[in-house]
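Before I ask anything, let me first share the structure, which is written out below as C-alpha cells.
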Amino acid sequence: MGTYIMKRLLALLPVIVIMSVVVFLIIYLIPGDPARVMLGDGADEETIRQLRGQMGLDLPLVEQYLRWVGGALRGDLGNSFFLKQPVSEAIAEHLQPTVSLALLAELVALAIAVPFGIRAAVRRGQFADKALTAYSLLGITIPGFLLSLFLVLLFAVRLRWLPVSGYAPLSDGLWNFLQYLILPAVSIGVVISAVIARIVRSSVLEVLNEPYVRTARSKGVSERALVYKHVLRNALIPILTVVGGTFGTLMAGAAVVETIFNIPGIGQMLVHSVERRDYAVIQGLVLFIAFVYVAVNLIVDLLYAAVDPRIRLGK
Amino acid sequence: SDKSSTDAGSGNASSGTAGDTAGQAVATDLKYPLSQTIPTLDPHLSLGGSNATVVLNVFEGLFAFNSKYEPVPMLAESYELSADGKTYTFLLRKGVKFHNGKEMKAEDVAASLNRWKDKAARAKSSFGDSQFAVQDDYTVVLNLKNPQNDTLAQLSHVLNFAGIMPKEVIDSAAPEGVNAYIGTGPFKIVEWKKDQYVHVTKFEQYQSLKTAADGFSGKKEALVNNIYFTLATDNATRFSSFLSKDFPYVDVSLDNLPKVQNQPDVQILKNLTTDFNLVFNKKSPLFSNVKNRQAVAAVLDADQILLGIVSTPDLYRLNPSYMYKENSKFYSEAGKENYNQKNPDKAKQLLKDAGYNGQVVTLLTTKDTGNFYNATLMVKDQLEKIGVKTKIDIYDYATMLTKRADPNVWDIYVGPFTMPSTPSQLLYLNPTYGFADDAKLAELLKKSTSAIKPEEIKAANDALQQYQWEYLAAVKIGDTYSYSAVRKNLTGLTLFSGFPNLANTKLLK
Amino acid sequence: MTEIASDARVAERSTLAGSQRRLFYRRLLANKAAMAGIALIVLLAVVSLFAPWIAARDPQDVDIVKRLTPPSPGHWFGTDNFGRDVFSRVVYGTKISAEVGFAVALAVSAFGLVIGLYSAMYKWLDQLLMRFMDGLYAFPAVLLAIAIMAALGPNAGNLIVCLIVVFVPSVARVVRSAALVAREQTYIEAMRALGASHTRIVWLHIMPNTLSPLIVQGSFVFAEAIIVEAALSFLGAGIPAPTPSLGNLLSDGKMFIYNSWWMTLFPGLALMVSVLAMNLFGDGVRDLLDPHTRQARKGKSRQ
Amino acid sequence: MTVSGESRPVATPLLQVNGLKTYYTAKQPNGFRKAVVKAVDDVSFRIYEGETYGLVGESGCGKSTLGKTLLRLTEPTAGEAVYRERDLFRLSRSELRTLRQELQIVFQDPFSSLNPRRTIGKTLEEPLAIHGIGTPKERTERAFGMLRTVGLPAEHYYRLPHELSGGQRQRIGLGRALIVNPKIVICDEPVSALDVIIQSQMINLMRQLQAELKLTYLFIAHDIGVVRHISDRIGVMYLGKIVEEAPVDSLFSTPLHPYTKVLLSAVPNPDPVRKKERIILQGEPPSPLDPPAGCTFHTRCPYATELCRNTPPPKREAAPDHFVACHLT
Amino acid sequence: MPNEQILLDIQALRTRFYTEAGPVAAVDGVSFHVNKGEILGVVGESGCGKSVTAQSVLRLFDERRTASYEGRISYDGRDLLGLSERQMRDIRGNDISMIFQDPLSSLNPVYTIGDQIAETIRLHRRTGKKEAYRKAVDLLRLTGIPAPERRVGEYPHQLSGGMRQRVMIAIALACEPGLLIADEPTTALDVTIQAQIMELIVSLNRKLGMSVMLITHDLGLVAEVCDRVVVMYLGQVVETADARTLFAKPRHPYTIGLMQAIPRLDGDRSKPLKAVEGSVPSLHDVPGGCRFAPRCAYADDKCRNDMPELTGLKDGTAVRCWHADHIDGMEA
C-alpha cells in the first residue's frame, strides 16, 4: 500500500514537469506585467523597470525557470510580491476554505443525487425518472451566478437565516463555520448533483441487470435492501469517479462562487493572481492543483479498493 | 431628480451630521466594502480605487483637499512661498505622532516626499530633480527650478498619495513597496489579510486639527474603534450585504437603485466620480495625423456616449473642460466649440482630407473594471456611423495596461480618469500615456503650472486648453456620477470622489 | 444445406435493408427524447442559418434613446442598456454560441478520437499521451483562456482553441476506454490472425465501437462549451464583446437583472434550449444504440 | 474422416511443434514482483496433412495459448513450429502475412468473434481485401459462395451478426477462416458455446468441409465426446503440458494417464440404465502461477506417489503412437 | 386432482414479456409438476423457455414493467401467483430457492460469501449475526468446501468457479427449502468440477429429501440423476416422462433429435451425427400448428395447421405430438 502510494506519487513527476514548463511558457506568452499592475496607471517607467528587476522578470526565461525549479525542488515555491508571503504559506491559508467548501458541496450533491438517481433508475420511465431528467438539465444549464443570487436574496436578505457572504474558519465554532458555507455549498452542490444524479441513475440501471441482483431477489431480499445494499455499492465506482473528478475541478473551478460569497479560497486566489500576474502564486497554484488532482485520483483509487474487494491496488 | 438623494456637485457627499445623534448607542465596529483587490497599501504607489479608500484614512500628507479641491494644511502648520515662486518652506505641526508612537519630524517628511516624488510619475514630471530638504526638526524646504503652481495640489492629490511615513520605513522600503504601514492618520492598521480585509483601529494618540472638517481636511475624530475594510468584488454581493445590514454603505448600480431609493432608513448619495476622455495614440499611423483626431472629435456625441456609460441622464453632465467646474483655479471653457460637436459631415470631410481609406481603428479596452467598455462601445458606434472601420480589442486589465504602453497595437482608448486637480495631473498630456509628442503642448503645460498669479494661471490654462482642443491629445467626453447608499445610522461619512473620509463617522446601533 | 442463391433471395436484400431501416426509424420515433432533441437541433440550425432573416435588426445597432425598453411588438425581447434589440442579439448569440459549440465539439471529437485510439493501441504512447492529458485536465481553464486570448488576440477562433484544449482530455479518455474494451474483443484478434494491418484494425474495427460514446460525449462537449464560454464571459475571457454570444448577453444582463429581466431571461432560455437540444440528442443516441448492445449481451449469457 | 489414424503414411508432418513454451508475465496479486505463468510448457507434437488433431483439457490449461502461439497472436517464449520446412516463429512480418492465409483460426465465442457493426458479407470479404485477392466483384461472389458452403441462405449476406443465432454466427466464423483457402485451421472450442443440436450441425459441417477442402484441423475443446467424434488423434493437456497423446481408439480403449481416465469417466452418459462408475476428483486445479513440483497432476491424482511429487515424469511411447507422461504406467 | 405427492404444480403457465416489438409469450401454456423428494429434469434447446419458467415460479420478473404471468403455480397448496410481494418474499430463499448458471456473476462481488449466506438466514430466521455466521460455516462445510472457517470471510473472486457454485448451493440450502431450482448449475464449469457439483446436489437430495428441479440441456446429465424429465420446445412442454422411459423410448421427434445430437462415447465415429435441421424460430414468429413442424421429419399438413395437445399415454408419459403412437424413438 505504502509503496503503491509512493509509486503513484512518482508518476506525478512527469505531469508536474510538463505543467511547470507549460505554465512558464504561458506566463511568457501572456502580455501584462506584474510591476505595472502593482504600480498602476500613473506609474513611473523607471520605477516599473526597477520593480521588474527586483521581481527577477528581466532574467532570461530559461534562467527564471531553472531558478524556480531549483527552489521548488527544495520545497520553496517562491514568494508573492503582492501577498508578501511565501507562496506555499499563502496556498496553505487558502486551502481550508476551498476544501471545506468542496467537501460540503459534494455532500449536498450526494444527498440530492443518490436518492434521486436511485429512484429514477428503479422507476425507469416513470415520473421520478422524468423529473430527474428535467432536474439535471436545469442544473446543468442554470448559470451559477443566478442560482447564487437567488439563494442569497431568499435566505440571507429576505429570511436572514444565513449571512450573505464571508468565511469563518472552523476554529471559530462549527455553526459559525457552517453558516457561511451553506449557501455556496448548495449553489455548487445543486449543479454537481445534476451531473452525479445522472451517473447514479445509469450505473444503478446497469447493476440492476446484473445476475447477482436476481440472486438477491431470489433469496427474498426486500426491494429497499436490494437497492441500497446490493445495488448501490456495486454502482459506486462510476459515482466515485465523477465525485472525484468534480472535487478536483472544484479546487480551482469554484472561483465564481467563491467570489460571489467572498470565500478566500484557491479559486479566488487563482483569479486574483492571474488578474495581477502574480507569477509565483500562479506557478505554485498550478502545481498544487495538479498535485491535488492526482491526490484525489489516488484517493478515489483507494476508495475503489475499499468499495470493491476485486480491485487490488498495484495491478 | 429624486429627493432622497443628496446631490453633491462638489465631488463631496456627506451623510447626516455627527452632532444630531448624541445620546444614541453607537457601534464600535464598522464594515466598509472594498470593490477591488488591493495590490499594495504603500500610499506612494497607490492607484486609487480600493487602495485610496484605506490609505486616505491611515496616512496623511502635508496638505489635504477640502471639498473645493483646495489644498489645506494637514500635517503642515503653514508654508511660505518665496517671491520667485521657486522655494517652498513647510513648517510642520509639532507633536504629531506616528502610529508607532514616534513623533513626526522633518527628516521623516523629507524622506517620505523624496521617495514619493520618485515613485509618482505625475510628481516626477512636476518636480524633476528638486529635493525636499530638512531645515530643522520642523521645517522642510523645497527648491524648484521653475515655479510650480500645482505644488500643493500635487501634495494633496489622492492618487500616488504623498503620505508621510517614518524615515526608517522609507529607508527600508523595497521597490515593491514599504514593509510597514505606519502613518499619522486617525486609524492605524492592525491587520491586512490579503484579498480579504484590512482591519484598522482607532489611533488613540491622534492629534486632530481644530478647524472644521471639510473634504479630507480639518478635524478628524475616530468615532468607531474598528473598521474592517472588507473585499467584496461582486456587485450583487456588496449590495446584498448592504440589504442585510452588513455594510452600512454601498455603491449602488442603477439597477439596484429602486430597491433602496424609497427606504426610510437609507440615504442615497450621488457622487461625482470620474471624467471620461478619449485618448488617441498619437504614434499610431492614423492618429498621428491631427486631421483624423479632429474628425473623431467632430463626430462624437457626448450625450449619447455618457448615456451609454451610465444609462441614465441623472448620472452625467456635459463638461468641455479637462477640469471639474468645482476646481475654480483651473476650470476653463476655452476651446469648447470643439466639444460635443455631433457633426458627422465635418468628420467625414476631415477624414477625406486626411486620406482615410478604410483602415481599421483599434479601440483598446477592458471589461474588468469601470465603464471602459461601455464608453468604448458607444464611441465605436459613432465612428462606424461615419464609415470608419473599427475593431474592439478587449483584454483583462493587466494585459490592457501593457498593451496601452505599446504604441504599435492600438489607436483609441476611452477611459475614466479619477479627479484631475491640476493640468499636470492629466495623464494624457504626458508623453508616456498616449505618446503625445508636441513641443507646443509641453510648453503650454509648463507655462500653466509655472504661472503664479491667479490671472496668469487662468490665461495660461485657457491657452493650454484651447491648444489641447486643437491638438487633441485626448477628447473630453464628460463627467459621470455614481450613486451610493448609506444607512441613516451611519452619520458623518464624507465621500470625496467616491473615497470615504471615515473620521468623524459614527455608526449608531 | 447447399442452397443456391436464387435471384429471389437476393432481391430480398432491399426489403430486408428496408425493414431494418424502418425498425430504426420506428425506434427513433418512439424515442421522444431523441425526437425532441432533433427538433431542437433543427430549430437551432434554422436559427443559425437564417439569423440575418430572422433577426430584423443588426444585433450591434446602438440606439441609446431606446435603452432598456421592455418587450414590445417592436422589440419582442426588449432592448438592452445600449438600446440594442435583445431579440436580434439572442438570435445571433445563439448562432455564435452554437457555432462555437459545434466547432469545439467537432475538433475535440477528432483530436480525442485520434489520441484515444492510438493510446489504447500502443502502451508507450499511452503513457506519454495520458500523462499529457492529465496535465491538461488539471490545468485551470480560466488561466488557459486568459493566456490564449491575451497571447493570441481576443477573438472567437482563439477561444475555440482554448476550449478545445480544455475538452480534449475528457474525450480522449472516453474514446480510449471504449477502444480498450473493443481491443480485447475476439474479432480484433481474428483480424490480426488474418494479417490485417494496425491501421485497418484501428480505423475499421476499433473506431466504430468508440463512436457511440464519442457521440454522447461530443454532444456533451457541445453543451458544455457553450456553458463554459458563458462562464468565461463573466471573467471577460469569453468571446470578446460586442459580439453577441449567449455568455456575453448573460453577463451584460446581470448588470440589469432586477429591472430589465428580459436581458437575462431570453438569453438564459436560449442557452437552456441549446444545451437541452444536445443533451437530449446525446441521451437519445445512447438509448437508440442501447437495445442493440443489450440484445448482444443477452445472447452471450445464453452460452 | 479423410485419413484414418492407421492408414497414415509415414510422410513428414505438415506441422511439427518442438519444445514450445509460452510464458506470460503477470503481476502478482499482492506485490510488484512479476510472476511467470507457464501457460504452455514444453509441448511437442505433430500434425499430419488432412488429419484432425484434438486437444482436450480443462479450463486454463493452455489450450488457447497454444493455438494462438502457433498463429503468432501470442509470441512464443521458446521452441519451434515447422510448417512446410519453415519455422513459423522465425518468419519476418511480411513472410508471416502471406503465410497467414494458410493458417487460420475459428474462435469459441460466436458473439464477440464477429464485429457487430459489419455485415456478414463485409466480414466474409474482409480477409480477401486484406490480402488483396480479387476485385471487389469477385470478392462478393466468393462471399456468396462461402455462405452457400457453410450452409446459410444468401440473404444473410446483408445481415448484421446480432440478427443471427449462435450457430449461424459460428458458421460465419468458419467461413471467414476458410475463404482464404487455408491449409490448417485451428479451431479453438468452436462448438463449446452452442447447444447440442446446433453443435451437432456444426460438427457435421466441419467434417464435411474437411473432406471437401482437404483441411487439417487442430481442434481444441473441453468436451471429450465432441473431440472423440471429430479427431484422429488426441492430445490431453494438463497445466501447460501434454500428458497423453494417442490415436482416438487407442486413447478411449486404453487410457493410460490418470487424468485422462478421470476425463473419460466424467462425461455423463445419456443412458439411465447403464450408470457407470465415476472417478470424482478431489480438490481444485492448481494455479498456473504456482504449479506443483514433480508431476503437475500429483495434487489431485488418486495414485500419486513420492516419485510423482518430486520428479516430473518423462514422455514415453507406451504403445505405438500412444505417448504418455506418467510414472505409474 | 390434489395429490399428496405433488410439491410444485404448474398449470397452463404463460409468461409474457413486453418488448419493443410487442408482447411475446416466452412460456406459453406450460404445465408440469414436481413431486416431493424427486429430481425433475427440464431439458430443451437454448431459448426454449426453461429459465423463464423457473424464474416465473419465484416471480422474479418485474410485474410492473417487464412481464405478466397467467395460469396457476401452486406450491404446497398455496397459489403463488395470488400472493402479495411481501408474502412472496417469504417464499423466496425459504421454501423455494434457486441457483443460477453462472456462479461468478450470480454472487455479489462486494460482500463476503459469509455475508451473503448469513443474509439469507437472517432474512427468514430470527437469528443473531454470530449465529447466522456459524450456520454459514456449517453450510459451507456441508457443501464440501475445505477450511470453511477461513473461506467464510473471503470474497467471491477469491474462489474458483466450482467453489463459487458451492457457495450458491449453500445460500440456496440456508433455510432448508422444500424445492431447489437449479438453472444449468454446471454449464460454466469444467467437466471434472461439474461432476463434483452434481454429486453434491444428488447427495443433498438424498440426504435432505429436498426436491430438485434441474434445468439443463445436457441429456447425459439428466440420464444420470433425474427421476422424471420435462422436455420443452419453444415455450411449450412437448414431452414429460419417467427418465428411464424417456431414454428407452422417446416419443416426440424433438426429443429424439435431441438425443441423437449428442456425440456418444460409444457412438460410431465414422457416421455424421444425426442433427435436427434448421434452428428455433423467433418468438415473434411462432409457427401455427405444431411448433416443431417446420423442423420435423414426420410433419404433415395436420401438424402444420393444428396444434397438438399434451396427451397422456398409458405409461405415464405425456407427449405433444399427433404421431406419438407410431414413432419409435430408437429406430434411427
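Letters A, B, C, D and E name the chains as they come in the text, with residue numbers starting at 1 for each one.
Everything that follows uses one rule, which is that a residue touches a chain if its C-beta (ideal position, glycine included) is under 8 Å from a C-beta of that chain, and two chains touch if they have at least 3 such contacts.
Remember, it's a predicted structure, so these values are computed and weren't measured experimentally.
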Centroid-based (C-alpha) most distant chain relative to chain E: B
Most remote chain, CA-based centroid, reference being chain D: B
Selected interface, B-C versus A-B, where C-beta contact pairs are more numerous: A-B
Between chain A and chain D, centroid-to-centroid distance (C-alpha), Å: 54
Euclidean distance of C-alpha centroids - chain C vs chain D, Å: 48
Geometric centre distance via CA averages, chain E-chain D, whole Å: 32
Shared-contact residues (touching 2 or more other chains) in chain D: 166
Contacts with two or more other chains, residues of chain B listed in rising order: 236, 368, 395-396, 399
Residue numbers of chain A (touch at least two other chains): 30-32, 145, 149, 211, 274
For the chain D and chain E complex, residues of the former touching the latter: 1, 58-59, 165-168, 195-201, 203-204, 207-208, 222-226, 228-229, 248, 252, 262-264, 266-273, 275, 278, 280-281, 284-285
Interfacial residue positions of chain C with respect to chain B in the complex: 60, 62, 64, 67-68, 81-82, 146, 149-150, 153-154, 236-237, 240-242, 254-260
Chain D-facing residues of chain C, complex: 1-6, 9-10, 12-13, 16-17, 185-187, 189-197, 200, 205, 208-209, 292, 295-296, 299-300, 302-303
In the complex with chain A, residue positions of chain E that touch it: 55, 58, 60, 65, 89-94, 97-98, 100, 102, 105-110, 112, 119-120, 123-124, 155, 157-158, 168, 171
In the complex, chain B residues that touch chain C: 235-236, 253-256, 258-259, 304, 307-308, 311, 366-368, 373-374, 377-378, 380-381, 392-396, 399
